[in-house]
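Inspection log for the structure reproduced underneath, given as structure tokens.
In this document, chain identifiers A, B, C and D correspond to the written order of the chains, with residue numbering beginning at 1 in each.
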Amino acid sequence: MNDYTASEMMIVAAARALADAKVVFVGIGLPNIACNLAQRTVAPHLALIYESGVYGARPSRLPLSIGDPCLVSGAIGVMPMPQLLQYYLQRGLIDVGFLGSAQIDRYGNLNTTVIGDYRRPKVRLPGSGGACEIALMCRRVLIITRLSRRTFVERLDFVTSPGFLEGGEARIRLGCCGEGPAAVITDMGIFRFDNVTREMFLASLYPGCTVEDVQERVSWPLRIADELEIITPPTEGELRILRQELDPAGRLRM
Amino acid sequence: MNDYTASEMMIVAAARALADAKVVFVGIGLPNIACNLAQRTVAPHLALIYESGVYGARPSRLPLSIGDPCLVSGAIGVMPMPQLLQYYLQRGLIDVGFLGSAQIDRYGNLNTTVIGDYRRPKVRLPGSGGACEIALMCRRVLIITRLSRRTFVERLDFVTSPGFLEGGEARIRLGCCGEGPAAVITDMGIFRFDNVTREMFLASLYPGCTVEDVQERVSWPLRIADELEIITPPTEGELRILRQELDPAGRLRM
Amino acid sequence: MPCFEVGDSSPIPSLPERISRKGDPPVSKLTSMREAIAELVHDGDSVAIEGFTHLICFAAGHEIIRQRKRDLVLCRLTPDLIYDQMVAAGCARKLIFSYLGNPGVGSLHAIRRAVEKEVPKPLELEEYTHFGMVARYIAGAAGLPFYPVRTFAGSDLPRVNPLIRQVEDPYGGGTVFVVPPLHPDVTIIHAQRADAAGNAQIWGLIGVQVEAAFAAQRVIVVAEEIVDEAIIRADPNRTVIPALIVDAVVHEPFGAHPSYAQGYYDRDTETYIAWDTISREHETLMQWLDEWVYGLSGRAEYVEKLGSQVWQRLKPGDAWSGQVNYGRYC
Amino acid sequence: MPCFEVGDSSPIPSLPERISRKGDPPVSKLTSMREAIAELVHDGDSVAIEGFTHLICFAAGHEIIRQRKRDLVLCRLTPDLIYDQMVAAGCARKLIFSYLGNPGVGSLHAIRRAVEKEVPKPLELEEYTHFGMVARYIAGAAGLPFYPVRTFAGSDLPRVNPLIRQVEDPYGGGTVFVVPPLHPDVTIIHAQRADAAGNAQIWGLIGVQVEAAFAAQRVIVVAEEIVDEAIIRADPNRTVIPALIVDAVVHEPFGAHPSYAQGYYDRDTETYIAWDTISREHETLMQWLDEWVYGLSGRAEYVEKLGSQVWQRLKPGDAWSGQVNYGRYC
């Protein structure tokens, strides 16, 4: 069981980050697997909320979409989107939101809208969906994305979802209810954000990864924690649940 | 069956005023009886809406309150108040609203808030409830009230629900979606409103009532239609339904 | 100018302690009415016992009277008999409301006495229309700093209530009235059924209960029946209040009388009509409170004292909803 | 500056003709999909086929393609496969949206081709976040001139979309973003069941269907089952759309495939995944449209062509809601 992929390590790290969470806004893809793993390990009472309008889902299978019927049957509550977006999210009731991104800068701002100019894009990406409000309104935001210089850029082509903007107090001046990005969970290690400058720094590495590996994939000169933590590899229990229950097709092993 | 009370005539006149209505906002008391009579006579498809959150009620008894359980069982739809007030009323979907009043002036403005000064009232009345928004948002408003100099006053102590304000174009300048009061149905006759000045004028009398009877109970010098209509007395059919089905206790006969 | 009064918290509600306190869905929050009121309702609090005609939690109001809470700011569209009783008992210093009557009957005499004659003490009024009150709750529930409405135009209400203000439509449509959020310290919700964690389901009139609950700092759910979580999960579209926002759950059958619970018992119109006589004089009203509130230990004794004949009279026939298929997906 | 585009009507909607046209509840509005689309969807209209993942009315979208409607302004949070197909077929001139992806799969290639390469023709984009779109529908449904939201702050979206504006909080809380109402010319709602007059009930995800319907000028209800009015009246809390706002009712079983109807059939994820390949080239996509849309007379043929094996695969097990008692009061 000692061999695991970077994707598996990333999911396990994300699940562990939910240890003290009570209510999580679940996205599709990696966050979905991470939330389900957390519910089966560190956070058995974790309430899963989907922006499609579901509270307290107990999915019997891993849904492809956040609107899958398996999220509805057996949920605690299902409601119109205006209610979920306003009374739960905007009201400040959600602990943690997960976001991915096509581009991220050092202050945790995210771009999922366009590569290139907005009016004449080189690549038209999906846009915000609920990402902008999740970034603003969840108490904490966890960002999951793989390391690459195309993703970790000096300057975003477009700010879809604000992190700490230009750093420092900038986000507080926005007056939004969430505290902003808490961590960026990658396939090689985890970034956190400086309490004052709000710039991200490398806080921990996965076993076998080096600072150089990370720096190679980030466009700006990295800041690094004084005491760089090495993350415990996935346990047998974590891997068993992941492989047998959540990823039987082995997509995270590819 | 030739003898009927002024109250019965008033209810019958109110029911007849609903002949072309499709959707009516039902108030409690006299309007409630009038709407039910209309549904059984001139407007069999009349949809009854109650601000408590009910659409398409089929009350099996005459409810004391607009939140009675008999309005819910067998209704077409029941919804939270924010939905009814915003998506039906404010959206402009309601044809007719009924209002009563403690004071009314010549422009159909209504006071149900205080007699005397607002801060030190001689009599504290119930206040608006939904009256102000009904007055503003229903396409047409029908006012039902008994004639008396205490009610038909020169100047309101408080404007709870606007009619035509100071008359003329004043209401249009408010920008509200309803057209304002269409008629005032009393126990002696019916007032309508001049298309230009927006002042009310006596348009019709019930059999046996005179202009003098009415003037005696109104504080300002009456305007009277060139051709004063005499209302057809209640028919046998109207009285039968009223007495047997809607007012078996005979409260309208007292 | 004071723009936020008691019952209005900061426009950006941050609820860290709430989440950590209430978040665990499987934890039972079942308690007695006495303990729930003692722990969660404090002198000076703003309190919303909502429910439009339907599901008004008289059991909670009576317990507040018994515990002699003072200086409450009472929020409700229609103060109804329950606030008339609480005002007569001296619990309230202020009302935030939109309709001050005994529906279909007449006046609320105790509240009128307080307003007109300061008996038993003065009562401050903060007045809206129904839609205005609903909008205040919506703003509170939605975490919005204000809520726009097309009511109030041409009325004198904005003149006497400085919290009703205007903003300019940035799309050129003129001005529109707005109200600020209402954030009761405590909202008490009566429901037909809830699980022990506080997930509650209501059918029939829902009124503004959902908004009043989400707007509040603390929520007490009172239910006719406590059911297994599986009952709730079988019909998730019926759920109106999530355990997430609930602090205490009280099992109190018949707790809404003389208001009603759709499908459980009828509205007791005789009591509403009789109140007109009982409440006309402060003294007769206080005698009634002695007999029906102070003299009883709680709702169970009230139910017994009311007697089986009344409950028989109020029992409705059956009218079942039918059921729908959510489908099993695996 | 143009502040109201196609799809935005005046801030105070007046609907006299609507009421007189649609008001009679007992009148049957049953018609065929072909007639409903022919009569109620016109070239140049703004059209909302809503439904968040759930109850997306592909049958209506395909009929619009078949009838070669042109210059439509398509409104939807997530354009999904249905608008990808309509854009490829040349029906649209503009999208009003918030998320442009094939959920869990990848891009919507036809829409990207239209935006990036103007194939088959240019496509204008008007972009929001999900909450921004939801707020536009709420404002439309509520007859409000604007709707305040706490999203957009710090994002570049307000910079590229001048319809996202700000107002000053009159209670001193700073500025807040607002969006204008969205009033589609036509909204198409897919429901599990409706009566012949158009009273519709939905369970499972409701998304923003209610708001999209009330915001619209015209509404088409498409239902898996047409039921007697008595079924609707047995459970009035389940009703989401009233006949009052409905112009036409179409009975179209399986009309949402490859989207789904909770309790009736599963989401066909295989079709969603396969679309990624089919849609990568305009030519293969057009071949697919020839085979599955232009080549068929309507949804009944589509259902037959898809074959019983697929429907068997998509059939869920049972999960019944249980029923509640509304009570008989007389």
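Note that a residue touches a chain if its C-beta (ideal position, glycine included) is under 8 Å from a C-beta of that chain, and two chains touch if they have at least 3 such contacts.
All values reported here derive from a predicted model rather than from experimental measurement.
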Fill in: Selected pair, greater C-beta contact count between B-C and B-D
B-C
Response to the item:
Separation of the C-alpha centres, chain C versus chain D, in whole Å, is 36
Response to the item:
chain A to chain B, mean C-alpha position gap in Å, rounds to 58
Item to complete: Could you give the separation in Å between the centres of chain B and chain D, each centre being the mean of its C-alpha atoms?
Response: 39
Item to complete: Provide the C-alpha centroid distance between chain B and chain C, rounded to the nearest whole angstrom.
Response: 29
Worksheet item: chain D: which residues touch two or more other chains?
Response: 12, 143-144, 150, 173-174, 203-204, 206, 210-211, 234, 237, 262, 266, 316, 319, 326-330
Worksheet entry | Two or more partner chains touched - positions in chain B | 54, 68-69, 72-74, 78-79, 90, 175-177
Worksheet item: If each protein chain is taken as a node and each touching pair as an edge, is the resulting graph a line, ring, star, complete or other?
Response: other
Discussion item. According to the definition already given, which pairs of chains are in contact?
Written reply: A-C, A-D, B-C, B-D, C-D
Worksheet item: Once bound in the complex, which stretches of chain B touch chain C?
Response: 28-29, 51-54, 63-69, 72-74, 78-82, 85, 89-90, 109, 113, 118-119, 121-133, 136-137, 158-162, 165, 171, 174-177
Practice prompt. Sort out for me which residues of chain C touch chain B in the complex.
Written response: 52-54, 77-78, 97-101, 103-105, 107, 111-112, 115-116, 127-131, 134, 138, 149-157, 160, 173-174, 203-211, 260, 262, 266-267, 269, 272, 316, 319
Worksheet, complete the sentence: In the complex, the residues of chain A that touch chain C are 22-23, 45, 47, 54-56, 58, 60-61, 68-70, 72-79, 83, 86-88, 90-93, 95, 139, 175-177
Worksheet item: Where on chain C is chain D touching in the complex?
Response: 3-4, 11-12, 143-148, 150, 165-174, 176, 178, 180, 192, 201, 203-204, 206, 231, 234-235, 237-238, 262-264, 266, 316-330
Discussion item. Per the contact definition, I'd like the list of chain C residues that touch chain A in the complex.
Written reply: 12-16, 18-20, 23-26, 141-144, 199, 210-211, 214, 229, 232-234, 236-237, 239-240, 242-245, 326-330
